[in-house]
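There are two complexes below, and they share chain A, which is joined by chain B in the first and by chain C in the second.
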Partner chain A sequence: MNILDKIKSDDFLLSVGFELPPAALHKVLSRTSECAELVDAYKSGVLTDTTLRSFVQQLLKNFRPAEKFPYDITLALLAVSVESFSSRFAEEFIRDLSQLDLAELTSCIKVAKLCLAGRERLAKNEYRQFIFPSPPNNNYREVHRVPETVKDSHFENKYSDLVTA
Partner chain B sequence: MFEFVKLIGSPHKELHLDTRKGSPIRNEVALPPTDLTRRREQLLIRNFGTNWEHRCRPCGVYNCAGLTWASRRTSIPEDAEWIKILGEDGYRKLSNAENPLVGDLAIYHSEGVGFLHVGQVVQIERGLTAQSPPIHKILSKWDSSSGEYIHLPHEVPFKESFSDYRLEYWTDREA
Partner chain C sequence: MPKLEYFVVSEGISVDVLTNRISLFNVIEGVQSKELPILLPQIVATSTWNKEPSDGDNDYQTSLRIYPPGEERPKEFAINFRMEQDRHRIHQTIINLQITQPGELILEVLLNGKHIASHTVSVKKID
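The block that comes next holds the complex of A and B.
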């Protein structure tokens, strides 16, 4: 059985047991073999952004208003699995899910909020530009574009959105 | 990605709920259980709850914290709110020398994860011998779609997934 079929199967949904508080559920899901399989498949390119996007769309076809969404745990697992990836899908999926306010989705929204917070804590690239007073030789300043005043600019690069100084 | 469900879904229903000090408690009234959650519950009972005493059938609306602190009217899913309630409603942790009484809280937590569950002591029975400690029975609702059960403190469904879980008794009684 392919991993995406596995994580929407009754066997998987029943194996999670019951709805724990969000932090505990995040922990339980991150320890599952299905999470490890998803991470491997995504890392190796077996699962692409397009595949995952259409998988989510397929799941959401089962959404019924005023009824608990049956694949709530599947979405939560997906959020946990892609949490540490810097792909466009991961960013969009976790951010969009965490911003929802729907009674039908009980656990996955809260887990996505934790994943979003986790992503904020991930290592980031930092660019710091030190600009020193210009040397007496103006030519030097022109060649190296050193401004006249001392400034300290700070650039942050979150995930794939590269900021060029 | 979720535009469609945003259009047809219903926002969380929240009740006005405050701590004794007046801080608002985030909560949400849960939807009724589905076939899947009912089957999940049957599996839970088969695996962990053969000795559980059934108090009421699976229902939505409230979870364990809602049972304990909101009179079965809503769910309080986030453990940050639990910490707020314990702090602002005058609860204290019982020391090892103190025995829990009926009405005290049984709070389960795990190192590095936080709270797992809260239940209420509803029954205290004598130990097997004169020297053995009393046996406490806890009233629990495992999640917002389960039923209510009375169980022994260690008969919990997360004992395998969180084998390091710890049980603390809390009370609002004065020391």
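The block that comes next holds the complex of A and C.
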């Protein structure tokens, strides 16, 4: 059984147990072997953003108004698993889930809010590029960026030893 | 005011899209050339800021000020930012920086006009 089938199985849902307060549920889910397996699979590229999006869409087909969503815990686990990733899926999934207000999905929404708070610890990256116009080629010389210390005799000796060894 | 964690100038950087881990490649300490002028095809100045409790939603301006050796007026590149997360990394890439004389190339980072840190690159003419 692959990890995505496993986390929507009755066995997994029963193993997590009955409803817990959001912080406790977040902790319990983060300690499951399924969470570790999901993290590994996502990190290694076995699970892609596309796969996970499609998985979530499939789960949501089971949504029925006024009925508790059967995969509430599965979505909560997914949020916990991708919490520390800076990918687009992780960002969108956790943010979108945390902004829902549905009685049918209470656990995963509350857990997603905790994940969102946890993501605040990730650094934000901002990029800018400033380009000076290219000068004519023949006016500029090759630059040697080797620091002087690399050229000292100690380094040369060691390198020679390696070459002759 | 955000607090500077580090300011480093390197040839390139990479941020892992999944883990958000940053790698800096070839920190620039010095450049040497047989002839001048020389051209630095790419340098990346990375400044990383930590959020302070009082930062809130304030708007800050950080500037990268570059003093090439022998030039009277520095080159300045400013960015405005907010501390939306606990840590904010700003990567400023300068393409085709020209250096006409040996000496010290000084890159300085300022926050709201106040000097915070600098990185010095020695520029040498070799025989």
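Criterion: the second predicted complex is superposed on the first by the 122 of 165 C-alpha atoms of A that agree within 3 Å, B and C clash if a C-alpha of one lies under 4 Å from a C-alpha of the other, contacts with A are read in each partner's own complex, and residues count from 1 in each chain.
Here is the rule we use: a residue touches a chain if its C-beta (ideal position, glycine included) is under 8 Å from a C-beta of that chain, and two chains touch if they have at least 3 such contacts.
Predicted model, so just to flag it, every value in this text is computed and none were measured.
Participant: Going by the contact rule set out at the top, does A:Leu122 touch chain B (first), chain C (second), both, or neither?
Facilitator: Second partner only.
Participant: So, A:Lys27: does it touch chain B (first), chain C (second), both, or neither?
Facilitator: first
Participant: So, does A:Ser87 touch the first partner chain B, the second partner chain C, both, or neither?
Facilitator: second
Participant: Let me test your reading of the model: by the given contact rule, A:Val56 touches which partner, first (chain B), second (chain C), both or neither?
Facilitator: first
Participant: Can you check the complex and tell me which residues of chain A touch chain B?
Facilitator: 10, 13-14, 16-24, 27-28, 31, 53, 56-57, 60, 63, 65-68, 70, 92-93, 96-97, 100-106, 110
Participant: So in the complex, which bits of chain A are touching chain C?
Facilitator: 42-43, 84-87, 119-135, 139-148
Participant: Chain A touches which residues of chain B in the complex?
Facilitator: Per the stated touch rule, the residues are 1-2, 4-6, 8-13, 28-34, 36-37, 39-41, 43-44, 60, 63, 77-79, 82, 110, 112-117, 142-146, 157-158, 161-162.
Participant: Which bits of chain C are touching chain A when the two form their complex?
Facilitator: 11, 15-20, 22, 26, 28-40, 48, 77, 79, 81, 84-98, 126
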